[in-house]
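We just call them A, B, C and D in the order they show up, numbering each chain from 1.
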Amino acid sequence: MPIRTEPITVNIGPQHPSTHGVFRMRVTFDGEMIIDVEPIFGYLHRGSEKLAEERTYTQVITLTDRLDYVSSMSNNLSYVLAVEKLSGIVPPERAMYLRVIVAELQRIVSHLVATGFFLNDVGALATPLMYCFREREKILDMFEMLCGARITLSFMRVGGIFQDAPSEFWEALTDFLEYMPGYIDEYERLITGNEILLSRTKDIGVLSSEQAINSSISGPILRASGVKWDLRKADPYDVYDRMEFEIPVGTVGDNYDRYLIRIAEMRESLKILQQCVNQIPDGPIRADTANLIRPPVGDAYGHVEGPKGELGFYLVSDGGISPYRCKIRSSSLINLTALKDMLVDTKLADMIVTFGSVDINMGEVDR
Amino acid sequence: MDNAYVPFKEANAFYGNLYQFLTDLTIFGVSPIPDWLAYLIAGFLIVFSVINTVVIITTLGTWVERRLIARFQSRLGPNRWGPWGLLTPIADAVKLLSKEDTKPDGVDSWVFNLAPLMFIVPPILIFAVIPYSHNAYISNLNIGILFIIAVTTVPTVAMFMAGWGSGNRYSLFGAMRGVAQLVSYEVPMVLSIVGVLLFVGSLSMVDIVERQFVPFILVQPLGFFIFFIAISAEMNRSPFDIVEADSELVAGFHTEYSGMKWGTFQLAEFIAPFGAASIMTTLFLKGWEGPILPGPLWFFLKVGFVWFILLWIRATLPRLRVDQIMGLAWKFLFPLGLINLFVTAAEVLAWGDPTGSEIWLMAGINWTIAVVCLVISSHLVSAKLTTRNSVLENAGNN
Amino acid sequence: MTSVLDAESLARKLNDFIPDVVEGHSEGDVWVKAESIADVCSQLKNDPETNMDYLVSVSAVDYIEYFEMVYHLRSISLNHGVVLKSKCWGREDIEVPSVTHIWQGADFQEREVYDLMGIHFNGHYNLKRLLLWEGFPGHPQRKDYLEDPR
Amino acid sequence: MYGLGIAKGLAVTFRNLFRKPFTVQYPEEAVPQAARFRGEEFGWFEERCTGCASCAKYCPLGIIKIVTHPGGSNMQEGQSYTVDTFDIDIGRCMFCGLCVEACPYDALFMGSGFERGQYVRDDLIIPIEELKSAERRLSTWYRPQLEGKNYHPHKDEPLSWEEVGRK
């Protein structure tokens, strides 16, 4: 009689140290090898889309803070862009620059968190995570100067931002632009050349460019797969068309490329910030809009290149004070489409690393 | 009657004095304590004090470890309870003891309950043969190092019992990984020790220290390197902590344990680095011997230094994958260990019992061989492991 | 800047491909018949002039009398986009052909629409609820959904 | 060469061993808040409030309860009202500040504290009496007139109701 072996099914999550929230994967293992993955969602579903239908256009901004709670600014920006497209409001120039500044700061925050947790998933006992959070705190301090909150910011308003930046913000930003490159160098010295990290991440979780496009992947993951696509260049919003920056593109599309892309994007964000600080004009920061916005009947789709990918809002207006339908194209959810392709035939340990490199946020996946 | 105890009595100063004191004790001209009882009481007292010293040092060690790792991560670490947080280990212990001892449905009770006990005994047993100073040890077994190798294998069984008995799939994964890893790393570990033993010609830990004319790390660099990696893997410390792998397997084989059973596992894991550092000090760093300072102090200084390095590595490095860890043992450390063994054997054959200038010649040869071996083998693996700097360079091209 | 395809010429092209498939168009939006959504999509993807290789999002809007499926399509290689819409009349048993075999990215999005709006996608390989649990009563994104139907 | 990356990493962590920790020991030493901090102790000026309930309408969660009756002294324009109840349930508040943004008479301000933890949810409701008597550490969030004076809630004296309005 031949020896009989059986696959073993394990529920990774919803409570698990490294599923980045209440995410659950039903994984079937053959020994340590993965043969099937089924992601299961919904543990953090709050019905944001439905809630938005009962709130005024301004009040929905507070809902968008809570989608991807490590990048509230980008969520705010995406939503107000959609409303502005819907109602034809054009924000003043200073507001557009400030929006770009905070969106790029938020991108650095999100990438710091992503890198930190990614390295934590590789098993570096929280050391890189702590270093990343040290810098994140500095940016959150800046956000606090700007709008009094650190995570749920509600900073933007339809037709601009809510209030001009105080003087101490500009000082803090200048300081930050000076020392941050040094800190990024330090992270790179700490871990980028580390042979253990290389052996853990190189050629693991490879996603080809065709597959990435076909699965509607966006953001750093798409670029790591070698597709040079960035909405800031391809479809510029606000003042991105005046900025000069590079789009980092990966060659292989493995975990290591995704890590490198995030590090490189942080450096590019610093470049954009520097240009914004140099170019920002004086002037009003909010277009003259009513507090209760009533856009004309119609629909509009506004999107930004968020830190995790393309975040879009599809708004339908019936002429009332609240959106008739508010569909959120969440980058985190759609980026998980290709998870199975990346994971099958890798090992248990690679699963956590690959999942960490995709960088999702459950608040945005489940909405 | 007396003869059976003599070797122990004379070998161990603490024990000998205590035994003498107890047998010489006379009340009204009668000696109330018979020989065998004196032997028992003295032995018990010594063993009791050593075990408790180990446990207390370990609990303090957890505090030092947490504070140091916190500073590596530029935080402060536990500092709430007592001055500088010194009482944190006690608070931990009280909390663990007062915690409910949960037992999930479907566990194999006997196996489940026995596993923590079997896990903590072997690391403590190591200290039975470690010499802390001249004439300060519990016993001078003539097979001391063999005894250590033997007892450090037992946790493998305990680990598998815990993993299997829990009836949890994470635990099972952890246990399977643990068994594979521990059995593999026994081989390079023993191979690296054999080099030392060839010089010494004895398995006794005391003899090993006393016959170290220079610290063996100078003569056996490759052996030390292999032993360092192997022992890190043996005690499941980062970067070899795949057994626990908190980001993958939650807590590996002790996922289902709570309360003091879990505490026992943790205690054993914190004792392990002290044991490992002690073995390394004895084998490669000349044990208690050193100028000016008294023996035990030298011993603890060396142990502390090795322990700090283990900690530093733990705070920095990410975890390896299962197959990479096994590959490291069999493809990298095992051949190196064999080379080390052959070279040392040839040298011992050539020079017999080396003393004086021959030892430096030997050290020179061994260091050269170590560096050459490491460079060659590193080039063999590093072909795949170069960093990629092309992310931004690509940007301009397409 | 992502350019928006001219809806009129696109409508003409689609009508050439499948007769009378287009129900209407305005700037950037093309309404097509619900039952031939998948055919239109594969035509848009395979035609080298349109080459819609990227599905941005799949949404559904409840207009009480009918549901409107909205597909935001984009071509990454040519950097242009179009919005494909289709009206599905009725409230119960609405069926739309799935586009998962054209773009894998539609997988979770169609499941979400099914979950929250109750629109069935024919040909989806794994049409299960995405966010809510199996056996959840009703489809909460619909306008007539009551939290506690009694 | 294999091992160089590891050595570099070890050097970085070793350097950090001697760096000052970036954490703050909270109860002994608190991180200073920015002037715009959106905190808990709402500042409310009875003299400025007309009871128009704009704040209550703008609150996305509807946690402000206002009850008024006609007649009263705090006259702004037209008819005047006396505010009987002005309760803010900060247990459900998300500190978005939309109420402050909506107030047309600058009567409501965000606070600048964050230490109002309670064991019972009911204790988290700030009633009108407490709003009247509380020490008003006003956040400058959405109040450019305070920022123009370089007012800082933790450094300067509390302001009276005449000083806080827009001219």
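Assume a residue touches a chain if its C-beta (ideal position, glycine included) is under 8 Å from a C-beta of that chain, and two chains touch if they have at least 3 such contacts.
Just so it is clear, the model here is predicted, and its values are computed rather than measured.
Show me the overlap between the contact partners of subunit A and those of subunit B.
D
Using each chain's Cα centroid, which is most distant from the centroid of subunit D?
B
Just the number, please: Cα centre separation of subunit A and subunit D in whole Å.
Whole-Å distance between the two chain centres: 28.
Provide the C-alpha centroid distance between subunit B and subunit C, rounded to the nearest whole angstrom.
63
Rounded to the nearest whole Å, what is the centre-to-centre distance of subunit B and subunit D, using the mean of the C-alpha atoms as each centre?
55
Just give me the whole-number Å value for how far the CA centre of subunit A lies from that of subunit C.
25
Two or more other chains in contact with one residue: find those residues in subunit D.
2-3, 5-6, 9, 12-13, 16, 22
Residues of subunit C touching 2+ other chains?
Correct list: empty.
Give the residues of subunit A touching no fewer than two other chains, as numbers and ranges.
Subunit A, residues with two or more chain partners: 127, 131, 134, 190-198.
Note which residues of subunit B are touching subunit A in the complex, please.
69, 72-75, 169-170, 173, 238-239, 241-242, 245-250, 314-324, 381-382, 384-388, 390-392, 394-396, 398
Tell me, which parts of subunit A touch subunit C in their complex?
41-42, 45, 47, 49-50, 211, 213-217, 227, 229, 234-236, 299, 301, 303, 310, 312, 314, 316, 324-325, 327, 329, 333-334, 336-338, 366-367
Which stretch or stretches of subunit D touch subunit B in the complex?
These residues of subunit D touch subunit B: 1-3, 5-6, 9-10, 12-14, 16-17, 19-23, 25.
Would you pull the subunit C residues touching subunit A in the complex into a rising list?
Checking each residue of subunit C against subunit A gives 1-2, 53-57, 59, 61-62, 70, 72, 76, 79, 83, 103-109, 112, 116, 129-133, 140-141.
Hey, which residues of subunit A end up touching subunit D in the complex?
55, 58-59, 61-63, 65, 127, 131, 134, 137, 141, 144-149, 152, 154, 162-164, 166, 168, 186, 189-198, 291
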